[in-house]
Amino acid sequence: MVGEPAVMTRRRLLAAAAAAALLAAPASARAAPARKLKAVATISVLGDLVKNVGGDQVDVTTLVGPNADAHIFSPTPGDARMVAAADIVFVNGLGLEGWMTRLIVASGTKAPTVVVTKGIAARKVDEGGAQRRAEIDPHAWQSVANVKIYVANIRDGLAAVDPAHQAIYDANAQAYLGKLDELEREVKAAIAGIPAGRRKIITNHAAFGYFGDAYGVEFIAPEGVSTDAEPSAKDIASIIAQIRRQKIPAVFLENITDPRLIREIARETGAAIGGALYSDALSEPGGPAGTYIAMMRHNVHEMTKALG
Amino acid sequence: MPELRFRNLTLGYERHPAVHHLDGTVENGALLAIVGPNGAGKSTLFKGIMGEIKPLAGAVERDGFDTRDVAYLPQAAEIDRSFPISVYDMVAMGLWRSRGPFGGFSRKDHAGIEAAIGAVGLTGFEERVIGSLSGGQMQRMLFARLLLQDARVIVLDEPFTAIDAKTSADLLGLVEDWHRERRTVLAALHDIDLVKASFPETMLLAREPVAWGATATVLTPENLNKARRMCEAFDEYAEACAVAAE
Amino acid sequence: MLYATLIAPFAEFEFMRRALVGILALALGAPPVGVFLMLRRMSLIGDAMAHAILPGAAIGFLIAGLSLFAMAGAGLIAGFLIAIGAGLIARATQLKEDASLAAFFLISLALGVTIVSVKGSNIDLLHFLFGSVLAIDDPALALIAGVTSVSLVVLALIWRPLVLECVDPGYLHSVSRAGGPAHIAFLALVVMNLVGGFQALGTLLAVGVMILPAVIARFWARDISAIIGTAIACGAISGYAGLLLSYHANLPSGPAIILVAGALYAISVMFGPVGGLIWHALRRRHLEA
């Protein structure tokens, strides 16, 4: 470029600099993000699992907090902002979060959505007798075996948006799966300790179907899966009749819906009222069911205490 | 002691006078007709006597009786004619002052109610709902209630307007009975002939009192013309009244 | 056979007996109040009130968490303030009762939603607060029985001024100063019946058993005492039949009761002797006089 006017040189340099910047940009996007990954989980159970698999690499926020009801959750603008700013979104699926599709669209987020129940054999809700509604039961996390699949899906999802830390996610997942194995053994042993004829529970939230199938406990509920369904007198009469007939020993409350119905049935049949079982949501962090594993342990403990 | 005294009384709405500087007394046992064109202030005067509105200036003095002891028949009673109440129960409400809101009715009370219904010619109508009554029958019923109130002072605003002649005549008979019983009766009326025939005392009101005294001296053609000439509408641009208030 | 259909469900199950007692108690106390609401053209107040008590429930929740007692109590106070405030404003200004109440309840509802959002919880407070006829516990039964008793006594006391206030307020005002207090007492009764009903039996039943029997009775009786008696009977019949329907036909109980009342309403509109459509269409011979 000898002999060129100075202006031309400057122009070429600027063009070269611009080209270099353009080339560098996608490369930097594909490089590991310098900050933590932002994950949004719909329910507290998922939030806990994502925290365990993501570890320090991931900042998890949960939309439906402790003790709250995902069936009737109503998202706020703050929630929309969180979803918009997220790098990855985890949902349960199976019809639990009816409001989530709209929220994702409304927030305009670019984050991929991971449905953690992919690959799980879903069960239907049965209504203690005639199948009035053929709804899918979304509470798949009540079986530890399913949660292992959840963990795998979460690990794969995180690795897909953040491949640089894949090794960390694999390791975390592995460690957590080990804990889940231990939990599964505990649960099975505890249930085995209950006399076979007494493995029956009445609870007012038909959310334990997967638990029942996996561990051989029969759950009978007066209401449907969603908390808005209203029972008929016949439903309640059938349950009372059944409790009397099969001599079911215990009635359990859970942390979301109106407990008056349960107390009523317990009073009329003489069944014991067990402690609160956690079905849809974890308790507050310091409470008896602050993490998924703690929640399962708590529930099993309460069941064996009342039935054993 | 006069029954009622008006001291430089001005009554009105939002500072516009409807009754302007009225002075005078109504004696015990008077039978007074209040006459005047539309908008003359007759209904307003009655509201003032009943204490429903406060005077803009001056005062209404009552000789030792409460407004609740006055039997008042307003011009257009705001009666809900669709309400499911019988003539009997409606008339029985006339015993309010003596029996109160909770008092039971004795056999004598029931006899009194039936007598009142009979006196106005509504025997046989006791169980009818008020919605099924004609205008004249309704007015008779209200008079029956007035009878039961057994009040010392009776105030009637246009009691015979829009009802048939027979009913008017019958009810006028009751008014004359009251007068014989020495009750004080004030009535706002449109029918000049009726007033001349049956009312000894008249006040000709056209916002300001035009004349007040014996009917014959009050209801002269000149006075009637004067009253008719008074402006009916309120003057939006009126100045504050120059006559000093009390 | 008849026994099995009509009596057995109640003999066999305690919850059915309690539901029946609860609904009968409501059917005794609420319809008389409803008759007056209907005659005063305030029939929609029930729905407004269900939303209007939200700030009270929200404040109760803020103070004491998910305590039914705190939330219901605070809801009751909110209800009183709104009903009485609306009533006073309607009497003192040119605004009519319905407009005054509408303004209050809208503001109140917005206030309630704001309070709940600020606290940040997503629990549907009102859903929690409202009971169900099949789950009446002892406190709820005591509540509804208490409300009904107080309601009937107060209604008997304010009967005359209340009736007069509806039919000829001018006359009442001229002979008594009891009109204002009677009106306020009546509004208090409305709130009490509604909030007590919400808490024990849920909104649909509390409002439904208050208004529907009154509307039905209007087609069968001409005098106010007879209308009230008929309304109570309709409420009781709807309650009893509705529970049986819920039991035998497997329907949700609250709606079943209201649907029975709805059927009675349809029959009344058609065939009721006082103003029924078909009844009028049949030309019968007119009377002598």
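We call the chains A, B and C, going by the order they appear; numbering starts again at 1 in every chain.
The working rule: contacts are C-beta pairs under 8 Å (C-beta built on N, C-alpha and C of every residue); 3 or more make two chains touch, one makes a residue touch a chain.
Here the structure is a predicted model, which means the values were calculated and not measured.
In this assembly, A is the chain whose CA centroid lies farthest from the centroid of chain B. Taking the mean of all protein Cα atoms as the centre, the chain whose own Cα mean lies nearest is C.
Rounded to a whole number, the gap between the C-alpha centres of chain B and chain C is 41 angstrom. In this assembly, the C-alpha centroid of chain A lies 79 Å from the C-alpha centroid of chain B. Note for the complex: chain A touches chain C at residues 64-65, 67-69, 72-74, 76, 227, 230-237, 240, 258, 260-261, 263-265, 267-268.
Listing the residues of chain C that touch chain A in their complex gives 9, 12-16, 18-19, 117, 121-124, 127-128, 131-132, 134-137, 140, 243, 246-256. Residues 39, 157-158, 160-161, 163-164, 166-171, 173-178, 182, 218, 221-224, 227 of chain C are the ones that touch chain B when the two sit in their complex.
Interface of chain B with chain C (complex): residues 50, 52, 67-68, 70, 72, 74, 77-80, 83-86, 89-90, 93, 96-97, 101-102, 127, 129-130, 145, 149.
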